[in-house]
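Consider the two complexes below, in which chain A is the common component and chain B and chain C are the respective partners.
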Partner chain A sequence: MKHFGALLMKDVRLMVSGKFFLMSLGFLILYTLYVNFGYIRFMDVGMYQVYMYDPEGTQKEASSLVHRVPSEKELEAALLEDDNGVGINASNGKLQVLYSEESKKAGCHKADYAISLLRQSEKYNARIMGIQTPEQKARRDITCELLFFEMIAVGFLGIAAVIFKEKNMGVIRVCAILPVKRNWFLLSKITVFLLSDLVFAILLTLFNVGLSDTAGILPGVLLQTAFLSIIMALSGVICALLLKDFRQFTLAYLLITIFAATPVFMSANTPIKLEWIRFHPFYHIYMGLKNAYFEMSGNSPLYYLGCLIAVGGLFAVTLYIFRREMGKER
Partner chain B sequence: MIEVKDLTFSYGKDKQILHGLDFTVEDGEIFGFLGPNGSGKSTTQKILTGILKGHGGKVFLFGQDISTVHTQEFFQKIGVLFEFPYLYANLSAVDNLKYFSSFYPAVRLRDIGELLDMLEFKRDFLKKPVSSYSKGMRQRVSMARVLLTNPRLLFLDEPTSGLDPSGAVLFRRIIEEERQKGTTVFLTTHNMLDADLLCDRVAFISNGSIMALDTPQNLKEKNSSHRIRITYLYQGKREEMIIAASQLESGISFPYDEIVSVHSQEPTLEDMFLQYTGRRLT
Partner chain C sequence: MKSLLYQLKSVLRDKFCLMTFLLPIVMAAVLNFADSVDFTSVGDFQFGILEDNVASHTITWLERYGRVIVYGTQEELVDAINEPSTNLIGVEKEGNGIGTMLSGDELDIFRQTANTLPILYDQRKSVAQREVLVLEQPNVMEGFQDMLIVATLIVAMFMGCTFNAMNMISEKEDGVAYVNEILPMSRSRYILQKLIVGFAGGCLSSIITACVCFRYSLQEFAFMLILIVLSSFVAALTGLFIGKVSAGMMTGVAYIKIIMLLFIAVPVLDFLVEFQHPFVATLLYLVPSQAAFEGIMNLLAGSPELSVKDILILFAHCIIWFFLYLSISRQKKKKV
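Take a look at the complex of A and B:
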């Protein structure tokens, strides 16, 4: 264990000198500011205001949420001022729903909502799923996405930078003649990055999901973070050992981050459905992380088995390439 | 200490690098392994230090087959100096040595400060990062890393590379002191001066085969013309005469006023290498 401790300390010092922790802290601050002062405010759209002109008082069950206006002119004026609002003209005995051109696409939903406010006795209430408020949901959603992006892009880059440094210094060759097990050199790096990612995940979740919600979801989130962190760290080591220099790596990095992240985000967060996405390994990991954030038990034993096989397989490949690198000439 | 029998090695199917090497290195011997770039000397050293696997033939170190002895105990007994000084550039000399020493039992370790003093390392740089060192200073730290653990067998690859003449003299003196302590040294080099001054025996390797193996003195004597060149002054003129060494037994037979110099016509190790391998070392 003394040997492993020495390796860990050396890797931490390499990361400190490479300003990796500083970079992670910077990203943590940036994400937190974005979530709390940008994303959540942007997503906080008020509910539709419903304005009604009903001179004869035909709508007796209308909810108190409906704003009654005294004339048709005032109804139009209210809608012109509030693009998001919806109007009801009940002056001819019939209900005529009005909304502005800008909100045409959401018009049907608005109409349904407005009419539902007039029929309070029908008890037509939708079943409420979950216990999270829209803000809580939005916070979990964006935190999950940012954590996934951080692991895919930033962590991957960080470990590759450390390996490139060691390659350039030639010290990987010295590892070959030290009385230490070869796999410890890799394990120490993976451990440092894993711990760093776990701390990052805890802080990011704490600052953006909130203290009360974090406690419940943290074990699941950390488990998924661990899988993703180890897989990305091993992939980063493989790329850094195989590729000649950092310029080549930059190209590979772009390809990996674009192809790993883009289809996953598109499939998971937009109506675009890609048929082949179920074969994309990162899609399953992303969904695993999302399930953890939303406390859903959607991850099958097969998923965990797949993760373990991926970690084991990548570690074996990394060890093989690492041994080969030790025997290379400068 | 080292016994190599019919050692072969190939990179892939077609690229055979070593073609059946046979040699032994005795305890406490400085053995020179001389060859130009691409001759197979680095490959041989990598096999002996356990970095490369998959060789043919037999290699015994410390009396044990190398295929079975790559344990932590084995690596504790050897010290390897690479051709380039591989160190952590962000750490200081002291921190590098502390890091590398942490993998060895404390009883084997020498004092870092004393070792760096012995290697005439500039004290001002002790705590500065290696990235600020000259190549000579890095080589001194690398040598300190190798000697730090009191290894019984040293593999030195171009130890005086990057050193100024006084540094090279210092390194040769340190290697000689190690031998006097009983350490065996396997010296890989194409520096003929190092080989000639340090080695008890040298092997010439070319294209993966050993072309000659003997003491430097024997190699030179066997191929010597046994002639002597004498420079002298006679009647105010500077003259030169080459005579057979045996002629000297009966004294100088030609007239002279003053002998300026007497040089044997013995070939250099470089000449011998060229003669045996048909190639120059550099």
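Take a look at the complex of A and C:
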């Protein structure tokens, strides 16, 4: 056990000297600033504004939501400025609705909505089925995305960088003749990365979702984070051991971050549903994380089984490659 | 000339470099393909109803505004409404009219739509008496696509930077940099040679990317070419700076990432937020890619005369950075 402690300390020191923790801290600050000062403020999409030109004053009942403009020119100018707005031209005794359309159906709704504002009507409020406010949802959404991205992109890069450094320095081969169990070498690395990811997840969630909401979701989030962290760390080790140098790795890394993460984000966050996405392993992990953030019970036992198998399989592969790398020395 | 050939030879052997030059071209082709996919229905509303709860003429009415999805049980419907990735509005029968259900965490536009839908339903006959004029306006989605294509183009131009930085760092790591110090070659010639490979690669990659994405007239093509050449030059220079500053491959990659993020984020952010303040707008031009982005966007909008300003700014960037680099490397040499 003493040996394991020494290995752990060595890895921590290596990461400190590689400015790994500093980088994580930097990203944590960057993400927190982005969520609190950028995302939350810019993400809301309001209802279309309605502008009306009504020189004869025929529309007396019109709701206060309708902005009256004094001339036809200004109506055009308003619509040019606000391309999501709707215009009503009530001059010459007829009602003309003007809008630019992204799709037929959305356009139809725009026109009907604008006309309906011309009459007095009772106020109606839709029945609320959920428990979150839009801001709470947005915070959870973006925190989940950032955590996933951070672990896929940054964590993966970190462990690979450490392994490459040790590989180049010959530490791996030195380990072959040290009186320590070989699995420990891998275990200590994964432990360090797991712990740092967990701390990162806790801080990120705390700062961006808020203290009161974090308590309920934290256990689930940490479990999913642990799965993802271990899987990414093991894949990082495999890539680092298989590829020749760091440059080749950057390319593999680019491919993984772009082509693995993009469809997952698209499918999980937009109404675009891709048919083949269920064959994408990261999609399930992402959904697992998202379910944890939204306290939904979507994670089946089959998913956990899959995660365990993935972790076990990756560990076996890593061990095999690692032993081969050590064996080169003998 | 001979030494340039050596440089090119080492590039061809390096698969990483070749791939980085090819990547933006592949991205451009994918974007071009995505052009043919119809995304317009993505923004449409989605309504969820219970089986046998809503009359068929109501469904037809709802379908004028969006997609209607039928659910078997109340739980399924509520789950679908609460599902965080969609903005589904639940619709049910309520007396003679309809009622709506929301999860409460939707964007404002969906909340307002749900709140006004029953009123629209009650007025559905009178609302139909209207004349509609659909305005000709540039499609919002198309604007985004242009932005993505231009961002890809900037990535392509940036490849020269990646290549130069990597090249210099690996020379540093292999010790070739020390050998270069004592070679009988002038400082400026060395810089030019280092510049040219990344510059030529960046140019080539962006020209092919531009050809994949855009169709334009001869005059526009000339403007585009000038923009590409100038920005590739700046990018290649940036690569030299990164190569000079970074000690190892790791820090080099970190610097490249930060610079790349800055180069892409600044113009894209400006495009999305539209900073009006003149001071901020001028400040943004300190990042060379902003000028390139604005120039290409102006070209796409069909006003090449506007991009002359951007070309001049880029040109200034080229000269300032080049002489800055030259003076820095001279100073360093004196120290040696």
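Convention: the second predicted complex is superposed on the first by the 244 of 330 C-alpha atoms of A that agree within 3 Å, B and C clash if a C-alpha of one lies under 4 Å from a C-alpha of the other, contacts with A are read in each partner's own complex, and residues count from 1 in each chain.
Here, a residue touches a chain if its C-beta (ideal position, glycine included) is under 8 Å from a C-beta of that chain, and two chains touch if they have at least 3 such contacts.
A quick note: this is a predicted structure, and the numbers were derived from the prediction, not measured.
Engineer: Of chain B and chain C, which one touches more of chain A's residues?
Structural biologist: C
Engineer: Looking at A:Ile177, would you say it contacts chain B, chain C, both, or neither? Reply first, second, both or neither.
Structural biologist: In the superposition, A:Ile177 contacts chain B only.
Engineer: Return first, second, both or neither, reflecting whether A:Phe246 touches chain B, chain C, both chains, or no partner chain.
Structural biologist: It touches chain C, and chain B stays clear.
Engineer: Mind working out whether A:Met326 is in touch with chain B, chain C, both or neither, as first, second, both or neither?
Structural biologist: Touch status of A:Met326: first partner only.
Engineer: Taking the superposition as given, does A:Glu81 touch the first partner, chain B, the second, chain C, both, or neither?
Structural biologist: It touches nothing on chain B or chain C.
Engineer: Identify the partner contact of A:Glu61: answer first if only chain B is touched, second if only chain C is, both if each is, neither if none is.
Structural biologist: neither
Engineer: Which chain A residues are contacted by chain C in one complex and by chain B in the other?
Structural biologist: Residues 165 of chain A touch both chain B and chain C.
Engineer: Okay, in this complex, where on chain A does chain B touch?
Structural biologist: 2-3, 6, 9-10, 13-14, 17, 165, 169-171, 173-174, 176-181, 326-327, 329-330
Engineer: If we count contacts the way the header does, which residues on chain A are in touch with chain C in the complex?
Structural biologist: My answer: residues 18, 23, 42-48, 79-80, 83, 94-103, 105-109, 111-113, 115-116, 119, 121-134, 136-137, 140-141, 161, 165, 246-248, 250-251, 254, 268-272, 290, 294.
Engineer: Can you check the complex and tell me which residues of chain C touch chain A?
Structural biologist: Going by the criterion above, the answer is residues 14-16, 19-20, 23, 39-46, 63-66, 78, 81-82, 84-87, 89-90, 99-109, 111-120, 122-124, 126-127, 129-137, 139-141, 166, 170, 249-250, 253-254, 273.
Engineer: Going by the contact rule set out above, which residues of chain B touch chain A in the complex?
Structural biologist: 42, 46, 49-52, 72-76, 78, 80, 82-84, 86-91, 99-100, 102-104, 145
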